[in-house]
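Just dropping this structure here.
Just so it is clear, A, B, C and D label the chains in written order, and each chain counts residues from 1 on its own.
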Amino acid sequence: MKKIMNKAENFVDEMLEGILAAHPTELTIAADDLRCIIKAGKTPNKVGIATGGGSGHLPLFLGYVGEGMLDGCSVGGVFQSPSSTQMLEVTKAIDQGAGVLYIYGNYGGDILNFNMASEMAEIEDIRVEQVIAGEDVASAPKGEEGKRRGVAGIFFVYKAAGAMADTLASLDEVKRVAQKAADNVRTMGVALTPCIVPEVGKPSFTLEDDEMEIGMGIHGEPGISKGPLKTSDKIVDEMLNPVLQDLPYGTGDEVAVLINGLGATPKEELYIMYRRVHHILTEKGISVFKVYIGEFATSMEMAGASVSLLKLDQELKELLSKPANTPFFEQKQLSL
Amino acid sequence: MNTIGLNELKTIFDGLKKLMDEKREYLIELDGVMGDSDLGITMQKAFTAANEEVQSSGEQDLGKLLMKTGMKIAQAAPSTMGTLVATGFMKGGKALFKTETISSKELAVFFRAFTQGIMDAGKTVPGNKTIVDALHPATLALEDAASGNKSIPEALKLAYEAAIGGVEASKQMKAQHGRAAYYQDKSIGVQDPGATVGAFIFQAFSEAANSGK
Amino acid sequence: MKKIMNKAENFVDEMLEGILAAHPTELTIAADDLRCIIKAGKTPNKVGIATGGGSGHLPLFLGYVGEGMLDGCSVGGVFQSPSSTQMLEVTKAIDQGAGVLYIYGNYGGDILNFNMASEMAEIEDIRVEQVIAGEDVASAPKGEEGKRRGVAGIFFVYKAAGAMADTLASLDEVKRVAQKAADNVRTMGVALTPCIVPEVGKPSFTLEDDEMEIGMGIHGEPGISKGPLKTSDKIVDEMLNPVLQDLPYGTGDEVAVLINGLGATPKEELYIMYRRVHHILTEKGISVFKVYIGEFATSMEMAGASVSLLKLDQELKELLSKPANTPFFEQKQLSL
Amino acid sequence: MNTIGLNELKTIFDGLKKLMDEKREYLIELDGVMGDSDLGITMQKAFTAANEEVQSSGEQDLGKLLMKTGMKIAQAAPSTMGTLVATGFMKGGKALFKTETISSKELAVFFRAFTQGIMDAGKTVPGNKTIVDALHPATLALEDAASGNKSIPEALKLAYEAAIGGVEASKQMKAQHGRAAYYQDKSIGVQDPGATVGAFIFQAFSEAANSGK
């Protein structure tokens, strides 16, 4: 295990200390708990948006806490849910009287804890709504969308909700656009190498030197085909086709594209992938409003990538175009 | 152990903790097959925290104590199983509010609420290859024994055996929840780690009750 | 070699096609040559800033072409200099009559080609000046600064020059601040794993499973100590001390910090490193104006990181604080 | 080959290209010791482009032709060695503007300008473990032979031998430039890949001149 770290059991807390030290004017904590990260400033009457999830996915989840995106994030151990108590503390800290929206990925532990936190928040008289992101088409067939894992596409859900909340819209409205984004995004990934959970110390799965797994999840969940490493163009074809057919995305549609690196895959390779994505979309008459390429949801040092499409309507386009500014993501106003 | 008071509860939780310590590597391995290999670690954390709470508490209302114990578990082990077990203790405890001694009847009430709480939180029913598949038959056996006026040691022994049967039965089920569900049909034939934890809970209860009798 | 690519010989050109397809309104090319990347818009009377260098280092070099940073970049093969002709084409395309500043890293091939390009530009009546960035303290001892390799610190040189050029300052002024930034930045790196040049197909060096090399360059140039992998804190100590002593940086100084990932090292680990950097700087009475953490100069899938410090005066601080917006780097105005 | 005209130049560049093809792996290996292993690839590219230019050209002004050949090399192989060799041909060619036949005297003038051009571009002098350490003694030998009125084949043979001597001598030098300089004292004892290329250039010139005589 080649990691630049100190003791494995301090991995998450030392990372958080580093993040807070690096961004002292942007982030702070709630309840004196390092694992309850909240935005430094507050906007009266704004709906609060909270997320939460396991560590090891930077910039997910806490990296999107900031202007135009999220207000708070509870942070779990590596690939572990934070506790409902931590979620509650974040909820209390970010509520401005307008209620709080939870946006998180579709994983058992997170769901149970966010549900528990919701119940506790109710007791504290804070209105809470939830939107669960699950858009990995490899993880469950069409018709069983509710079982799908949440992966990089949650970025778009955050962005839409964050921009809407900034207009001081109601909790219902913020939830509506978050759900709309969640409903219109689809993702497929490919993994080339595993990653290692610091406290475990060895990879949770193995892939041979010339192997890849299409559809693998960001914690190493099984994919839909394991086989020899193919060319970039072939890999993209195998990833993009199921995505296109699922929603489906077709002629005349306008999309935003997210090519996400899982950790160890160089940007060079992501752009080689995008080249093919662009060809295919152009061929199908699907126009591209905006392309995001980089690391948005990682698995530490895992090599691999995912491709997400978000189908846009005028409202989502406008929300996506709004500026954002977090320690891990900056965007100026996009021209429409 | 004819009835369970605070002292007996301390014995039971001490046993629960020791059993989870002992089964740590086994659970890690089981969860490694279709999960993320953390179950041994989280269960150890969960029952270490639970045991600390029970041992240090002077709370005579056992319902309250069990509920608080659940809350401690929720903080210490926020994984799927940790949170479900926490929910179980919280809901089970709530059903025993204002109880200072537990007979086999109260024990059945406790585990009914425990199991129902987990089913509600997990949005699941028996048959989906989860902890419920151990808890549910065990609870039925417990209820049966209680209405037959069996003693606590006897009732828990029968419940534990039913739980073991549930674990066996779970092997042939197809996973509908959690990481194992991604394996779909491939999950058939594999033993469910969560059901195994369910059986361990009854094992510890039964062994504590049967050790001194 | 586990890369998501097609034919190795098309690696660079397909990457460039992907980049141009992803950022059509921001980037374009000169002389019909994919390897001559220039900013889409022009600002009359502004000094043009050009860079250039080998591929395999994204976001270096072309990633900084954009608002507030660079006007053009010639792109070489992986770890290879672009040609002087390509540099000249970029120079001609970005000159607005105010002259052009070349900013590039201190590598033999690049120097020779930029010198040749300068001579050719002179024949075309374009005034050209140069600033060469070389700040890797591991690559040559103090007193021989001129021999040092340029690594991630060039980011600060681009930023200072780009912000100055936006004020429509003269070529001499832009060069002055670029040189000032170059003179005040120092870097040290550590490598944990090698990377593979696509056309070569095998690693250019090896490190054992428990080895690291402090001071290694971004192409695998030798470092100053190779040995067993240490804890993050120890690694940071070994990297930061020589940096601090070199300029030197001391009590009362104000700095910007750049923690740069070489490619495969997760952000989690970079933040654990920054935690220690922050402790040390605080202890020494050095204040931190701004922290940049992420991938700024990579070696494809190499694991490792570098730490750079830039000593600030009022002028550099103001230049650093200006907004920038390129396909690979966005920053809003920082508050001073 | 008593004088060098366009046809002779074609023979020489054909030989240069073939030699670099042949030495490709050897140069890759040499450059791998303290460099980035690209020298075999870049030299092959450089002299393939150079040969194409010379073979396809009808240019009778050999100075102009050699200069253009240098420019082609600069585009085809923008590495350190590629650019230096390109500079050599450009500066050497410039020194021969308006020359249609080359005797050993012009050849000495050409290589003097070639070597000086590289020294100027590389900001270096003999003794720094570079290509100059092969070119410089070879050029001196060539000048000597030319002033002694030796024939082109003889002169080039002596120059080639001097270049080989230069490569040998370079081994004991400490690298001052390029990637090898990062190795500091460890570079002593290692053969310089650039100097080796310098010797190959004279080898090809000499072999072409001496093949038919």
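General observations
One rule holds for everything that comes next: contacts are C-beta pairs under 8 Å (C-beta built on N, C-alpha and C of every residue); 3 or more make two chains touch, one makes a residue touch a chain.
Because the structure is a prediction, the values reported are computed rather than measured.
Between the contact lists of chain A and chain D, the overlap consists of C. Within the contact network of the assembly, the step distance from chain B to chain D comes to 3.
Each chain's centre was taken as the mean of its CA atoms, and the one lying most distant from chain A is D. Centre-to-centre separation between chain A and chain C, using Cα means, comes to 29 Å. Chain centres here are Cα means. That of chain B falls 57 Å from that of chain C. Averaging C-alpha coordinates per chain places the centre of chain A 33 Å away from that of chain B.
Within chain D, no positions touching two or more other chains are listed. None of the residues of chain C touches two or more other chains. Viewed as a network of touching protein chains, the structure reduces to a simple linear path.
Looking at which chains touch one another, you get A-B, A-C, C-D.
Against chain A, in their complex, chain C makes its touches with residues 2-7, 11, 14-19, 21-23, 55-56, 58-59, 63, 190, 192-193, 209-210, 212, 229, 231-233, 235, 263-275, 278, 291, 293-295, 298, 300-301, 303, 305, 323, 325, 328, 330-332, 335.
Against chain D, the residues of chain C that register as touching in their complex are 76, 79-86, 108-109, 112-113, 115-116, 139-140, 147, 149, 199-200, 204, 217, 219-222. Across the complex, chain B meets chain A through its residues 32, 36-38, 41-42, 74-76, 78-80, 82-84, 86-87, 121-122, 177-179, 181-183, 186.
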